[in-house]
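In what follows, subunit A forms one complex with subunit B and a second complex with subunit C.
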Partner chain A sequence: MTDKNGFFDLSKSTLSRRTALKGLAACAGLTLAPGFVRYSQAQSSAPIKIGFQSHRTGIGAAYGRWYEKTSAAAVKAINDAGGINGRPVELVIEDDGTDPGRGAEVVGKFATQHKTDIVFGTLFSHVVIGSAPAAGENKIPYFVVSEGHHVASTKLNRYVFQPGITDVKSQIQSMAPWIAANAGKKVTQIFPDFAFGYDHRDYLPPALKAQGAEVIAQIAIPPTESSFTKYFPQIPAETEVIYHVMVGPAVLTFVKELGEFYGSNRPQLFGFMDSLEATDINSPGLEFLDGSHFWEGSPRYAQADDSAAQKAYRAAVGIDDNGAAVGDPKDVSTASHMFGCWETLYVVKKAMEDAGYKGPEDRAKLVEATEALTEFAEGPEHPQGPKTFNGKIHQCFGIQNISKVEGGKLTVVHKTKIEDGLYEAEGDYTTQAL
Partner chain B sequence: MHFGPHLLLAALEGLVTSAVLALTALGLSLVFGVMRVVNVAHGEFFMLGAVLAWAISTAIPGHPTVGFLAALVLAPLIVGAIALLAERLVLRRLNYNPEATIVATIGMLYIIQQLALSFYGPEARPVEPPFSYRILLPWFGYSGYKLSIIAASALLLVATWLVLTRTKIGLIMRATQYDSETAQAFGIPVDRVYAGVFALGAMLAAIAAVLIVPISQAHYLMGQDPLLLSFIVVIIGGLGSLRGTVVAAVLIGLSDGIISVFFSPTLAKIIATLLVAMVLVFRPQGLFGTASR
Partner chain C sequence: MSEASPAKAYALHLGVIALLFALSFVLPDYHHGLLARIMVLAVFAMGYNMLFGYVGLLSLGHAMFFAAGLYGAGLAVIHLGWNVPLAFLAGIACGALLALVIGLLALRTTGVAFMIVTMMFAQVFYLVILYFAAWTGGDQGLVVPQPARVLSFGATSLDLTNPTVRYMSALALFSIVLLITLAIVRSRYGRVLVAVRENEERTKMLGYDTFSNKLIAVVVSGTICAASGAAYALLFGYVGSSFASVQYSILPLLWVLLGGAATTLGGLIGTVFMYYVIDIASGYTSAYLLIVGIALILLVLFFPKGILGTIRQRWLGWLP
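And now, the complex of A and B:
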């Protein structure tokens, strides 16, 4: 290849005095920027740095934005109340592109470059699974808010925790009795063809079987799919309930096409809110969902019996009664999941205080202190509800909400109990070396 | 579901895919045919069309049809203007050098994508279809709007074909494609033809996006699949051949629809890619392409 146009000829551009001055000014500006403030105080008052692995871009971007908002609100609340062990908390955010490879790099970057105390905040299960080994190698505690079963399966490592949101296996187990009793006995499952979907694929059939119902068909859909009608003929005609859980930007299309396919003559629908997070339930084409039911981690719409803690949490994060950003009704939140960021940060606070955490040299102590936790009471720190924590499998257990779509809102019709979602531990992280 | 209706559904789905694909791929094919520029940012013009359709249709109050029709006219024009600007500011300055333009359009891809993320956001946003008539077949329901996409696309393809073969502009474009140096010697403003073709290519992608957005939603990453499929179509059909592009789009769309309904979508992608490999091995100029001079 010849370089006729001098395209790659760097000698053409000479550095002028003006450019040099501009560069100098930019550098000066950077050092003045807030991130570069040097803490001249003693080590003890330097901030605790929490590396936030955020899905800023990629298919998880809508979640990432709300995870950041919620975490920022929680950090502000924690700092306003005196921080952790008297030290302020600071979030260091890196984008993982909702990509497992990037995720592992980001964890490494937090551990070696930013030297954060912990890593926190990942949602998408494939990113968690991809990043967990990096957390183990760097021996940095990794607090995820993912709802997948991978943490509780004890297939990851001792540094990975999920103390702020329940896992899919527990969610399914606690809701199966309601589905079998109220929706129908013959269930067809539609789920995304990757880790998170496989949790649904693997745990729903046994959970329903225990209730005398059965899964008659399982339809896996690639997470990047943009058109769904072609999958619907696989739904058996005798289906009484379609159990759907979809993720990614095309979820709205999925529901609309299901509506066009069935019209008003549809089977019962039971969905995971993941299918509609960050999406207005009153979007055109979603009338079809009227009367159907959804799992919600934390209710999107303000409920009549909301606790004072729930109201305070909603106000702090900045969401209105419809679960949208205050001042922008079109900016719908990911309410079913993002509460987990708030609660996880308070678990981190509790564990760091229990461990007398001072800095990265105390990371092992932090792991042990987290494992020693057993219970989180409902309150301002845990607005979604009370939880128990199993230190052996690094997973919390809590209540689930089943909500009905009616009048353009989601109203909670059933709340499960913590005991409904408990299961036998599949292993024990505490036997692994630190 | 029985075989007959099942096949009907598959064919309908395939035809909708084909219709959108044909328009998008035609834009890519024109740009390559006339300018010899491989436009990697083509999918982003598609995405811009969809995003603008959302912006325009939400900005215009009243019946969704009004907003949609406004988007159908305005969004391609705006995208065309952006493409024109990109052509003037970037491609022309690289003298349409094939290697440099590939790198430059990759850069454009990222710039447009990240600008969309910054100003439009990460959400998938819906656009209301101009009408929502649901055709009730004995076995299943089907969106009337989807059928109208097929018709609209066919009309646009015929119109493009008429412009290319029956008008002076088309003649000038074909002359430039055939031999740009000779065309210039005969007083054809090749430079302006290039600008126009690049804008037209982007506009075709934008129109396709406006048509598809009521059934699929605008999202800042939506340009990737159309780009890949357009390349597949253009390679199979033959670069710069209008007829080849349309035939290949129908072929790929239908096979994608039918194979994914009866087997799996992954198999459909595998077969499409295999087809590309076979075409490249046995007929490198594509099914309808002419051997390069």
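And now, the complex of A and C:
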């Protein structure tokens, strides 16, 4: 059979200049066509989109702003080093108003409209719990930086992870040995009468008991309370340590009135930095805290023995030696928690690389790859310290800092061990279907 | 206001239901999911409108009825292991009972006092939820487990977490409540309610027991709101105290004012409008509530009776 018109006879064809130009133009046109661009990028260099559920407004706004700053710094560092699997990372931010109803809608928006690869960054527990069903239903991995025990309780679902910050149960348990050995054996707890306070109410007594100390009184203060003096007579006289975890704007009044109640002859004070995140420790009324101790996730103030990784992290995020924004000393950071955003993004990077993640079709692989992680070494990716990760409960465990207020600063006086915060798993997410 | 023939009114409402049904097949995924949520909350608005629009009783505590349905259904699944239909009925029953008790007490007052009393009862309800945190999850709330959110009919089962099933379930609830609302407002009883709103003393003088009529309206309104709350818990899988907060008492008032008080479709229009203004504005600025506020002011200026209320006043006097 011969080809009479010579269409298939390449030997007879000659490539004219016009034909060559047409061919080049066609190739260029194809390359520039939107559809082709999308196709080619999806295979190679399209950004990995991370939906950032941010508390831009509502009660969590102070945290939200610093979570955004930290996450932006981490994304820049990751992109400067080549991205994830050779692809740049892009943060897509939506405000959840620190509201669980809106939070669930935002997770749905990331999954179905923005079509992000994962959702990330939520802090407030009620928003995490309200949003978790939407993440599970949309089968989109949801990496939270919340410190609540809800993830590790295994009451959520297989798509929810907390690999960048320890949970409050672990934090409380880690504090008990130091309190019993250094502050006192008879402890009175003062806590807000809602879920955050209940974690401390429920987890501290058994942890102290294991150390030979005891909680002798628990004083719950209603969240709407604005004056606290009437509660202080309930503090038993034999109290050696007051363990306080008041949060919100009323904390300044709480500390001031506690100071007026006790004067210079007070028991030891131990608190959680959640009370004073984004608040200057030298604010008027907080003088009474001088000499007291606090839990800190990551130290607010630069320490003499800071690692190179910690220094690099602080520089990248833009916080000065006092833990405030560089150039604005009044803009105090949420240092105890926001490091979790940095570390979580590096966990996501590691898990995506392990899974060979290419796109949303690999989300199940990403879940399994995250569950397979076991350890995170201290370094530029984990500047707060080393961690272990329990893939069954989707929760990391790490060191904690105990800092003393002295000279208007917080100085770390003790670092706990990872083992101090370990507890028995309450369930196993890996048994759930993907 | 001129009277529409029953066929015209029902045709309009069936047309809206048909439109919502058709939208299920053409809407992009995100808007599909959002509209399911809007329809459930529009039921909340319709329940609120029953009392506010048709009886003229402005409640600032309807979040408690929504939350009664939410917790009634959610806790029945979480703690008692009840199936979806039973839990849904439990939620409705909780709302109806609560509305009966609140109605008996709050209807001793009128006007501003009624607003304050309902707000106070709602605050008590909110604090009760926080107080019994061991069962309610307090301010954090509880997740309704995904495997429990299945509607079984013998051998077949419908997964309420499936987007299509969820949309159709929301549409079914919305349609039933819309048609019930339409039937009520067109009935003799509905006219009595409007008479109470317009002049309670004259209605009494004509021989009507206005207290009983108002009490029935509170119970119907509370029951519809509870149905919305129960559906929310079962369709979206979360029960939390924020849904019992004062914010969720204000929201249905805003939705109804926007859409048009005493219009059967106003609840839907207002809810859609508010949802999309927030959704779109929040994509541009964190000051989106400012934009919402400006939108509300403009609406009050140019649509003082709400969107549908103004349309009815100016052009379509027959709108129910």
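In the analysis below, the second predicted complex is superposed on the first by the 378 of 434 C-alpha atoms of A that agree within 3 Å, B and C clash if a C-alpha of one lies under 4 Å from a C-alpha of the other, contacts with A are read in each partner's own complex, and residues count from 1 in each chain.
The rule is simple: a residue touches a chain if its C-beta (ideal position, glycine included) is under 8 Å from a C-beta of that chain, and two chains touch if they have at least 3 such contacts.
As the structure is a computational prediction, the values presented were derived from the model and not from experiment.
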{"item": "Which of subunit B and subunit C A:250 touches, first, second, both or neither", "value": "first"}
{"item": "Touched partner set for A:157, first subunit B, second subunit C, both or neither", "value": "second"}
{"item": "Partner chain(s) touched by A:285 [first = subunit B, second = subunit C, both, neither]", "value": "first"}
{"item": "Which superposed partner A:132 touches (first subunit B, second subunit C, both, neither)", "value": "second"}
{"item": "First, second, both or neither for A:337, with subunit B first and subunit C second", "value": "neither"}
{"item": "First, second, both or neither for A:57, with subunit B first and subunit C second", "value": "both"}
{"item": "Contacts of A:233 with subunit B and subunit C, given as first, second, both or neither", "value": "first"}
{"item": "Which of subunit B and subunit C A:104 touches, first, second, both or neither", "value": "second"}
{"item": "Touching both subunit C and subunit B, counted on subunit A across the two superposed complexes", "value": "56-57"}
{"item": "Complex contact set, residues of subunit C against subunit A", "value": "28-30, 32-34, 37, 130, 133, 137-144, 146, 161, 236-238, 240-243, 279, 282-283, 286, 288-289"}
{"item": "Subunit A residues within the subunit C interface of the complex", "value": "56-57, 94-95, 97, 99-101, 104-105, 108-109, 112-113, 125-126, 129-130, 132-134, 136-137, 148, 150, 155-157, 193-195, 198, 223"}
{"item": "Residues of subunit B touching subunit A in the complex", "value": "1, 6, 9-10, 13, 16-17, 64, 94-95, 97, 99-100, 117, 121-124, 126, 128-129, 132, 134, 136, 140-143, 215-217, 219-222, 225, 257, 260-261, 265-266"}
{"item": "Contacting residues of subunit A [partner subunit B, same complex]", "value": "1, 4-5, 7, 56-59, 61-62, 64-65, 222, 224-227, 229-230, 232-233, 237, 249-253, 256-257, 260-263, 278-279, 283-285"}
